[in-house]
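Notes for the one structure printed next.
Letters A, B, C and D name the chains as they come in the text, with residue numbers starting at 1 for each one.
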Amino acid sequence: MEPVTVDGKAFAPREGNSSQVDLRVNIGSLQLQNPVMTASGTFGYAREFEDFVNLQRLGAVVVKGISLSPRAGNPPPRVVETACGMLNAIGLENVGVERFISDKMPNLSVLGVPVIVNILGDSVEEYQEIARRLAEVESIAAIEVNISCPNVKKGGVAFGTDPQMAAAVTQAVKGVSRAPVIVKLSPNVTDISLMARAVAEAGADAVSLINTLIGMAIDLPTRRPRLANVIGGLSGPAIKPVALRMVYQVAQTVSIPVIGVGGIASADDALEFLLAGASAVQVGTANLVNPRTSEEVVAGISAYFRQHHIASVRDWIGALQVS
Amino acid sequence: MSQFQQNVELIRTESMTRDVVRLTFHAPDIAATAHPGQFIMVQTTTTGNDPLLRRPFSIHQVNNNGALQILFKVLGRGTELLAKRQEGEFVSLLGPLGKGFTLDNGDASCLIGGGMGIAPMLFLAHSLRRQGKTPTVILGARTGDELVPLLADFQQLGVVVQAVTNDGSFGSHGFVTDIFKDIHFPAHSINPIVYTCGPRPMMAAIFLQCQHKNLSCQVSMETTMACGIGACLGCAIPLKSGGYAHVCADGPVFSAKDLLWNL
Amino acid sequence: MEPVTVDGKAFAPREGNSSQVDLRVNIGSLQLQNPVMTASGTFGYAREFEDFVNLQRLGAVVVKGISLSPRAGNPPPRVVETACGMLNAIGLENVGVERFISDKMPNLSVLGVPVIVNILGDSVEEYQEIARRLAEVESIAAIEVNISCPNVKKGGVAFGTDPQMAAAVTQAVKGVSRAPVIVKLSPNVTDISLMARAVAEAGADAVSLINTLIGMAIDLPTRRPRLANVIGGLSGPAIKPVALRMVYQVAQTVSIPVIGVGGIASADDALEFLLAGASAVQVGTANLVNPRTSEEVVAGISAYFRQHHIASVRDWIGALQVS
Amino acid sequence: MSQFQQNVELIRTESMTRDVVRLTFHAPDIAATAHPGQFIMVQTTTTGNDPLLRRPFSIHQVNNNGALQILFKVLGRGTELLAKRQEGEFVSLLGPLGKGFTLDNGDASCLIGGGMGIAPMLFLAHSLRRQGKTPTVILGARTGDELVPLLADFQQLGVVVQAVTNDGSFGSHGFVTDIFKDIHFPAHSINPIVYTCGPRPMMAAIFLQCQHKNLSCQVSMETTMACGIGACLGCAIPLKSGGYAHVCADGPVFSAKDLLWNL
């Protein structure tokens, strides 16, 4: 078989069965069979999707953010649709780390798919304590640290907007975690590369981005905010251009793997994020619209690579042609 | 408890009133497993991502031939788009979703539907009749136009419908609560039960009456929803015991006494 | 006529002819007949819209950004559609301040609508020099300072992301400008309130927000960025939730008027921005889709106020009910 | 030079091939003021903001009864949506836009349309015929299916069409350039002119031949556009003299010699 040249870059087709493509990627010490994950908070505890998705086909599932103590979440309304997107203010409702380990993990660990646990806290100590508890659970494939939360000890400034605080959280979690540590970056910053560099230097094994953009919606008839929480997080196709730009930017800044998130709803979307330099992607809001999306993205990437004779996803990652 | 995501054929569209539409789909898998009170999430767009989210609708009726109906009012962009879909087109449905009405425990029941809350009552009445029960049915609407086109379907089931309209243009003049006030179950009834769906204030008033009458009351609740399958936690509803339930997974039907009503 | 109470707040209907509503707003010393402007870069030099809009019905028109020297702009492709939005990388193509004054202003000043001139520069001195030249033109109603540009003297950091630099530009322009000075804020910052406060303290008469979010799009078939410039500015309905949130936030921070921009395509959208605290609004991308939008927004606000017995737009501005 | 934004009735839809569609609108104001080579911007959505922007299409033909036609290939979401619109529906058009072909200066002309670049050539041929001129017309397409349905309209105008297909399935086998190569205007022609629209490489090749033949050449250019009315400066095209022109306002028709071709 001839090597295929695309815009001057040679893509070496894989030997042997040309209908097989190598989709494996590494996130720190974790090897995934393919680069497609689900995004935290949009895939429940995975079981909700068993009727729609063959979970074993996914690269990994990332579960809803877990805090030290259970949280009831925000009063409703918690979600509102916007143009090509949605705002959510779930308020990080979750069962807390203890019940997560006792009630949820046993179910999760038998699904045959790597489970990544998203965590959140109000202080460095809280993040660390959650990570310490999770380190006891062997079947956890990785920790994803959601740093978009406000630091209650530092006057409520979000960990995700201050490089020093983000580095401190990363270091604290990394220090106690057995599994690779992914730090999930907030897009609500002036320079996301700065944040990425800070957490990379603090020892993060990977970064994922983007979390939601902060937004708001107003109900004209009642003259009130449409979310009880007033503001919420914007996600969905509307934010894809912002996510893609930030992934491109960060992938050029840090050498650790970048996981692209934001508005991915199809294999084409995922392929674009990989081109921009992401080593893996997460499907978020699209799961809520079409619960089969994540598996369709895996299948679509395979089909595309077969059709275009791309032997390995590693040849594709970062292959964007910028003249 | 299987759930399906399927592109199904729209086999019949009916304009019930100026802004109430009934759609019939050929959706045998969903129809076969559906329970009254459950709902489906319907994709409203055919191209593009705006509106992005599916829309929830109670299952109005199903039959053995795989037909599944929804009945809805055109309110905004999603329902507008759905109302424009033509027979023969395919529509993506997700369902059956949620927990429906509990049917088994009582021998006497009263079904109270107000406005579009009538939608799930047809399926419920149908199922109760199949169990050999004869529910009392109270249907309320703003005006007669919204009620009349629905009566025949209930009557076909062999149930007696008490109609009430806010403007008095059909049936009694007033509200469903005015009718329910005077409903008295036979003294020997075992676990008599009230099923209701409609605007929140209506359901709250019915629940209050049920408490006085010592009747158990099941309510079908609405919230804004993103996913309908328990994935996003967007559809929270406050519980009397504190915290929240999720309408799409824990409901949409709840025992009214478990909810926080702020009465 | 009875005073109307909406959610506990009394709206006093205006005396006399109840079908007339008072839409007048003040931006510094400038009084506008209504709060609806066009956004810079989306309305050409206004003449392009004469067949569609009765320009005299608008509050003001804001013209395309003007630099000291003419700029050719970026190579194509310069625009690309995204989900409910678009990216642009026009590259600030403009005729330069001299030709603007000699060729464009004579036409603009006879349109019967206040003309606001958007300006941009690579250094504080450049901004000031443009403002100085424009100060000689009496018919200019206000200057809008676009601070999203990189400061070439400070290593290319955008004026719009550094409070000190933004303040310096504001002060420099304000010092030479005859007309009120509006500073247009970038949303690509961690804390837009900080930026607003900095320019308010430096003497800005008003702030307008938001400019575009930085985004990117990729063309899968060619594996290239879809904009020749790689990155571009995201605008349109997709960004409305972000704009609304920032306007709400800034309106609570500064006491100078806030002009809301971002995804406004209807009177309802405009009414929401005003509720959130904007004293005026700008219609941007919507002009490109429906060139009549700006006039429709004016008419729609009037109709809404008449129908809901709102006597004056000043009763509506900031009237959002947050419990 | 008035421009209109109007909701007009779609009075006829024609499927020319599997993916080429012709739509006829009743748009008397736009039709009455349109010049060949001008275009319209068409709204593709009926609800929602996705796709957000209008799509540009050359005016294919107009008549005295206010009919206006576009001819297009279904490529992406916008053209897909347009292809689905039904007769009797209303569509928002913006036009006539841009600067069309210059008709007045010559007495001999050759019209060369390739692919969807054929679209504006019908209107142009029609206008030239009304001026009593008899243009030479070369139409090229990938395959015969794309050409055949269009021939009758040109023939009705009384012009001779030279057809060429890349696959040889109809007319000559090859490219429009192969035909044009052998076209020689009468020696006494005053300002003979070549009008062309099609893929950029085709137009570049035609222009090159024109330079050799010393013929003036007008090209109708495409770029991505947001507004179509000169407001956004999105539709830049590099000029030979440096800087950019704007296709929607300065074009879409340009004198080929003014553009930067990178030949």
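Heads up, the rule we're going with is that a contact is a pair of C-beta atoms (placed from the backbone, for glycine too) under 8 Å apart; a residue touches a chain by one contact, two chains touch by 3 or more.
Just so it is clear, the model here is predicted, and its values are computed rather than measured.
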Relative to chain B, chain with the most remote C-alpha centre: D
Mean-CA-position distance for chain C and chain B (Å): 47
Rounded Å distance between chain A and chain C, as computed from the means of their C-alpha atoms: 34
Cα-centroid distance, chain B relative to chain D, in whole angstrom: 54
Residue numbers of chain B (touch at least two other chains): 48-51
In chain A, residues with contacts to at least two other chains: 82-85, 236-237
Arrangement of touching chains [line / ring / star / complete / other]: complete
Sites on chain C touched by chain B in the complex: 83-84, 237
For the chain C and chain A complex, residues of the former touching the latter: 6-7, 82-85, 87, 161, 188-191, 213-218, 220, 222-225, 230-231, 234, 236-242, 244-245, 248, 263, 268, 271-272, 275-276, 319-323
Chain B residues within the chain C interface of the complex: 48-50
Touching residues (chain side chain B, partner chain D) in the complex: 45, 47-51, 77, 80-81
Complex interface listing, chain A residues touching chain B: 41-44, 48-49, 51-52, 64, 72-86, 88, 90, 93, 236-237, 265, 285, 287-292
